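Following are the structures in question.
Two complexes follow with subunit A in common, the first pairing it with subunit B and the second with subunit C.
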Partner chain A sequence: MNISTLKPSPTQVWQIAQSHFRTLRADTPFQPRIDAAAKTNEWYNWSGYRAPHSLWDEELEYFAIRSQAALFDISPMTKYRIEGPEAEAFCNRLTLRDVTRLKPGRVHYTAWCDDQGFVLDDGTLFRLSPDRFRLCCQGRHLPWLLDSAIGFTVRIGEETEQVAGLALQGPTSFAVLRDAGFAGIERLKPFDLADFAHESGAVTISRTGFTGDLGYELFVERELALPLWDRLMVAGQLHGIRPIGYAALDRARIEAGLIVANADFTAAQQAVRADRQRLPYEIGLGFMVDADKGHFNGRRAILDARAGKKLRYVLVGLEIEGNIPAEHAIVYHKKNREVGLVSAAIWAPTAKKSVAIASLRRPFGDLILDDLWVEIYAMRELRYERVMKRARIVPRPFIRLERRSATPPADF
Partner chain B sequence: MTSSDRTVWDAIVIGGGHNGLICATLLAKGRRNVLLLEANAEMGGAARTEEFFPGFRDSTAHVLNRLHPEVVKALDLEELGLDLLRGASGSTFAPSVVLSKDGAPLTLHGAYGETLTGASAAEQAAWKDLRVQLLRYAGVLKPFLSRRPPEFGSRSPGGLAALGQAALAMKRLGREDMRDFLRVLLMNVHDLLDEQLSDDRLKGLLAFDAVLGSHLGPRSPTSLLGLYYRLAGEIGGAPGAQVVPKGGMGAVIATIRAAAEHAGVALCTGASVAKIVVESGRAVGLALASGEEIHADTIVSAVNPTTTLLTLVGAPLLDTGLVRKVKNIRMKGDVAKLNLALDGVPDFPGVAAQDLHGRLVIAPSPDHVERAFNPAKYGEFSPEPVMEITLPSLTDPSLAPQDGCILSANVQYAPYALKEGWETGKPKFLAAIMAQLEAHAPGIGRLARHAELLTPADIEVRYLMPGGHWHHGELQADQMLFSRPVSGWSGYDTPIERLYLAGAGSHPGGGISGLPGLNAARRILAARAER
Partner chain C sequence: MKTWDVIVIGGGHNGLVNACYLQRAGLDVLVVEKNDWVGGAASSRELTPGFLYSNCSYVCSLFRPEIMRDLELPRFGLQVIAYEGGAVLTQDGDYLGNYRDHDAHRREFARFSKRDAEAYDRYARDVTRQCRFIQPLLMRTAPDPTSLKPRDLGELLYLGKKFAGLTAEEMALTLRFWTISISDFLDEYFETDVIKANFSISGIIGTALGPMSPGTAYVLLHHYMGEVDGSVGAWGYARGGMGAVTRALAASFQASGGTIRTGAEVEKVCVKSGKAKGVVFAGGEEIYGKLIVSNADVKRTFLKLVEEKELPDIFLRRVKNFKIRGSSGKVNIALDSMPEFPALPKDSPCLRGDLHFTDTVERMERAYDDWKAGRWSVDPFLDMMIPTTIDPTMAAPGKHFMSCFVQYAPPKVEGRDWTDADRDAFAETVISQIADYSPGFRDRIVHMEVRTPRELEAEVGLTEGNIFQGELTFDQLLFNRPVPGFAQYRSPVNGLYICGSSTHPGGGVMGAPGRNAAKEILRDLARSDHHMSPAHDVI
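And now, the complex of A and B:
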């Protein structure tokens, strides 16, 4: 064996410039339209992009998701393309779920872990063709992906900047797309994807989203981004289409019971404190783990922890009495023993309940389910009103909307 | 052993170097049904003896200075005929002679210079003190050698015992020496020698021994650790001792091989392993290059850890973090091996005839060693290389024809990745070596009938050692103990269930010690008992 064979393997690396850090707040391809819609001027930093927290009214933006059609710019989402004859094998080794069961034209929600089994990130894996994938996630992982690709014939490149993304969510989203002329859109079932003609190129539309509602995500080359926005806005005019910011989406995702990396769990590479890292089973992603599919990163550690009953936490949905959001409240057992923390909570406008996502230290939330309380500190005119509210563990999502999965979708 | 043979082995050991042989023997002694596979036609790895010119034979390893007493005992090597005390000259340990171009040589007799000749009285006294100190300090590290390295976060009794013993050994040094031990532990050898000695020849030898086999110069930080590693070795109970074994290194391998056969190990040469077969995270067998598959309960790899994990298992079956660590193991060799077929015994002026049986070192001063190292940092060989020389045919006349003589030399520095490439660099380097030899043994060039120079690139190919590195990984502080071969997997286990490492790439490292093989065998037997 020659030592030179140990250097970067057959893996071909697309040295796509990772220049995102050169601009402190980069603009997305949709920025001219977003800026025009931005009345509140509330911005936040999404992976280095200037993204709207709200555009015109947080409350009404939320109801655009639930009652109309909401248009949300997801271009800052990190996107990788993974191509080659062993792309499937590579994705299977990288992520928790069995990728051999992900058919071309389908999407699944998945996650990936380090050697210790701690979750590095979660995201969606799009199978564009038998040997072409797109991985979408919050964090940036190119070095990890490239090192994971050693020994595979696969090409991996980041395409965050090249590919623009839009989420179109809400009951009339189907009607918007149909009226925009995407023929055949009615055939997409949840987690299906297909290419549709757009201008000189194509737009990849998947029936996915982060709202628990009927909705779609659209990906297009950045050059075709603005015409796509305009096409949707024109077609959506009579369907109540509205651009929205993240605050509204965040409410919808909590109602849908979906978690966000570095909000509901700390991604392993971000965690400074060793005990903050989480195994998939500790953040509600245990269902993804496929022990029978062959090797994947962290397999040994995850299965050992599962077999040795070394899982320390559990992520649960809580329904809380009253109407005060229990954001970052401490969870108690029998009002006195601290057993966990709420990572996200809202008054859910559609469920019409106070709901929360919380991490509890096992056996609480796992074997001990009763007598749980959350301690809410509500600031009332410069004084904390401390209330202890009863919390009940309930299944997520907190709302189930039939329209989310009805195929063909109804025409609202 | 054919494909129709349905035998399922308890264990298969890959690699018939001394560690593989020792590990296989101990497993067989533990009532395991063991098969050992060696790719070459002969056992022994870099210690095997091969003909390099008609009638002339030599092995790449040529001095025995750390074959561990527990290994000798566990394999009953003395009963099988290994006589370590006698060594080359028939009665004593091999001396180390520092050659000098223009003056008298300096000679360390007995076990690493129990007596010193050729130096001033003051220097002899200084050496006596330093020798005692070096051996005491090296002794602190000894408890770690013959057991699994301690692991952070685990409270295994073995690991704690080693830490405890080392702490005790340190405490026994007394307060002043303990402080001094901690002061010098990671020092460079050059500075320490300057503190205590004045004779350049003696300092040159110690500097050379500290850096032999590693990519370090005497002034490189931590280079003293190499000298401790050398002195933590012992022969026949004498710390620091060395022998040029009777019958050559081949005889040592033959004895270990006999022990393996005696224990019932099935030995198979010419069997090149292509793949370790893994099912659901567990090693279940091997695929040979011939296409044949053999199954076993346990697989032990006594070959290079990088080869084992990245080639035989393959990165796709390993976690990414581990792949990163394995790829970062530093193992680019820096030592070339010279085998010289001579028409007679060369004349080293001033060296007593009986001392020619020992080890002759060209390292005139620590500065010379450092200057020899400088070009290696930039991918060039030393124009005036340093080397250790033995004349193995004086001990074992069968290695050379009558009136012939063999000169065996380890030469530094010869960087694995030579900038100009070894194809054109090798003849130039050989010329530099011969010039150096001629300066210390005038007339040797006329005696030379054939020279075989093995650069690290050649050693890589011949012995399947990636990087041509003797130790299967640099033996420096960052690649020792719990970091050898990589952190998290230093205890001979691998993330593949029932696949173990047993070679020099694992703790405690290289040299003919047999300890990685011994420690691995103990680990495997203990793990089997736990199942």
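And now, the complex of A and C:
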């Protein structure tokens, strides 16, 4: 039979492609394994995918991150492929950091802004080769990327569905990978990446993560996804590997002081209220801005705001007395003047402290650092227990784990 | 003989809203309606046994929830059922669906263009920003910029402050948005024909402009500001057809003691020494009212019901030049079974929403070209839906009512009046377009009501058949609607007010003109308006 006769007709192609109205939350390539692990059946919508809020026990899943190895499906993360002779120059123009200093085989955390300097998103930029990059983020930015690429010899493609992703995080994550047969994994330093053979293809493993712990992220073509999951689960059996949901990861990321777009700041593209947009310096990303690297999107607006002292907000880490999480609490100066809002807070099990990420209106959090308070409304059995607690500005991350950066990693 | 406190001419939704508020303020209000039923352009009639039509307007979203609450419309039977979305059926046999689910919507658009799929967020953000600017103005009387009254200055200041609250960038975007064409506006976000055609629909509905005419982006905004029971941006079917809106209003009005007289066509508003005194019916009968409120459009009110000599020259000229051009027709069809659309999966939610066949902006513009030449479009734009897929009250099980809004249809055919033969040919154009996408469609037709601008004017009373009682272009909005200096529901004739869609904020079955006019009348009478909810906050 001729291959071309097997090709579905246009109508058949449409019918396959049209089925999304029947399944509003798509499955990721790992869904069969996730479903099998899902004892709680608690799902949430992650960019149109059915993602687990928890799988078996939200609190114990957190401890898998901190004392064992936790496996988290990051396939719904938006991924863009950026390739071509001017890929580096393009990425340099797009993002805040100096991409010429990002060597092949390295990853950096970065952000990008619109022409007014407002942050569109933050994400990780993977330099897979001299002229091949992958950009991972929460939001969707294809029009912005394509428009920014005008004049550059570069190809940009969206590959969220094609590329499956896993985060393997926790003290035994290195041992899991080593025992899974990824030879040379011990050589990866934080933010290194390398390709490793897997089945008929390859898996790209980077020493990155969203937990502040020792950990890795693995990217693979969707066809090879399930064998990768199985390979890790088998190798990890004696290392306490456990699949986890987002609730546990969210605790770890707050402890690590990491921010999430549209949770800790409003991405410019979504901001219906123009005053909710933020410059990088207003959400703790000022360290990325490289004024010396030449033009990049939003450069003039950002530098003007910085020079003209027009920065209105500052994002800070808070340590709060007591152990009551201060989620979405209002921040006060001298207990009476409202100066900001907590966007994320937990009692941090590893730090043993109540910590929070908050946005304050300058000069509070910038020049005025003392006498800050948070007013916590804790709903307890249908009554708000209202407490005013002292908050102290502290550097992020709230925990610093040596194992995160030790190379080669220790064998836990 | 009895002198009514208020006589409202026309029992359309705005006339009834106005009457309800005035009656509830303790006035003795009479609504007079020329037809034997109330409803105006929001009516449901059974023209063939077993089928109820939404004869004119056919969907509900813009009707202000504050009014529904004040007038207790749910208690009087109004229920609006939201539908999910619709589709544009393309000439190659595919379709573009619209889904409420953000990600299903994105995946659908990605079938045509990944770029366009991801452009939607920014598009929605920008349109929403413009809506948030305009929406608080809907339920406020527009200020008169030529007046030095403290209240007008206050309202102007409010407008000014709102505008000044914008950044320079936003101000530029807002001014641009008010004047740009929908086609140019969409070009800034999308690249795919069918996706642009999909969004441009809201820019031209009811407007004698094409998608490439400046000012059509604002018309889109007008259609974007609605909600169904708090579901922002949603559109729905009034259960029992759009007549349910006016039936509930009439019931609310009568429950509060109001009087409705149907089959009573007003021929003249009596004016004595510059003051309106009453109305004269077609039969010659005269009745008296201290105040007269006209729900008729501004042309009908001042060019037909009031003697020209009672009106100042400039006012009269401006009323004559007010753009109220007929641009659309309506074909209501009774079907003995559900039509098939092979392009759509049988379980597609789009079948319950609005269906269209115009898959490029250019086709839409070509359809407009025909209008300019004085002909109805050879390849018209249809806004077509089958409310009986959701609403079981309009036809027997298995039978269906299909509503087809048709654009473009000129007020006169090549300069002469529409004839019955024109009307039939117009209907044939519509049916043949539907049949192209729905095999066997003709065989399902039980009955049709075909309304060209001629019928819309003669039967509903809309001048030239314009569904908005005047186009919603920016030169005819806010303090310029309908005429500069007379945008506050008053007229040059003392005691004569206007409350229809010719006034701010315009048409679309909002009810806001009727409500705002009531507020102004109560102000003039120094009566309390505590029974009128202020506009919901936009925060």
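In this section, the second predicted complex is superposed on the first by the 389 of 412 C-alpha atoms of A that agree within 3 Å, B and C clash if a C-alpha of one lies under 4 Å from a C-alpha of the other, contacts with A are read in each partner's own complex, and residues count from 1 in each chain.
Just so we're on the same page, contacts are C-beta pairs under 8 Å (C-beta built on N, C-alpha and C of every residue); 3 or more make two chains touch, one makes a residue touch a chain.
For clarity, every value in this text was computed on a predicted model and none was experimentally measured.
Colleague: Would you check which partner chain A:Q270 touches, where first means subunit B only, second means subunit C only, and both and neither mean what they say?
Modeller: In the superposition, A:Q270 touches subunit C alone.
Colleague: Scan A:K39 for contacts with subunit B and subunit C and give back first, second, both or neither.
Modeller: After superposing on A, A:K39 lies clear of both subunit B and subunit C.
Colleague: In the superposed arrangement, does subunit B or subunit C reach more residues of subunit A?
Modeller: C
Colleague: Figure out whether A:R337 sits in contact with subunit B (first) or subunit C (second), or with both, or with neither.
Modeller: neither
Colleague: Mind working out whether A:K103 is in touch with subunit B, subunit C, both or neither, as first, second, both or neither?
Modeller: neither
Colleague: Between subunit B (first) and subunit C (second), which, if any, makes contact with A:N297: first, second, both or neither?
Modeller: After superposing on A, A:N297 lies in contact with subunit B but is clear of subunit C.
Colleague: A:S148 in the overlay: touching subunit B, subunit C, both, or neither? Say first, second, both or neither.
Modeller: A:S148 sits against subunit B, while subunit C stays out of touch.
Colleague: Identify the partner contact of A:G48: answer first if only subunit B is touched, second if only subunit C is, both if each is, neither if none is.
Modeller: In the superposition, A:G48 contacts subunit C only.
Colleague: Could you list, by residue number, the parts of subunit B that touch subunit A in their complex?
Modeller: Residue positions touching the partner: 278, 280-281, 304, 306-307, 310-311, 314-324, 327, 331-332, 416, 460-461, 464, 466-467, 488, 495.
Colleague: With touch defined as at the start, can you tell me which subunit C residues reach subunit A in the complex?
Modeller: 92-94, 97, 99, 101-104, 106-108, 111, 114-119, 121-122, 125, 128-129, 132, 166-167, 169-170, 189, 345, 347-350
Colleague: Applying the document's contact rule, which stretches of subunit A touch subunit C when the two form their complex?
Modeller: Listed in rising order, the residues are 10-11, 14-15, 17-18, 20-22, 24-26, 45, 47-48, 116, 139-143, 146, 158, 269-274.
Colleague: Touching subunit B in the complex: which residues of subunit A?
Modeller: Interface residues on subunit A, with respect to subunit B: 1-3, 5-6, 9, 89, 93, 114-115, 144, 147-148, 150-152, 294-295, 297-300.
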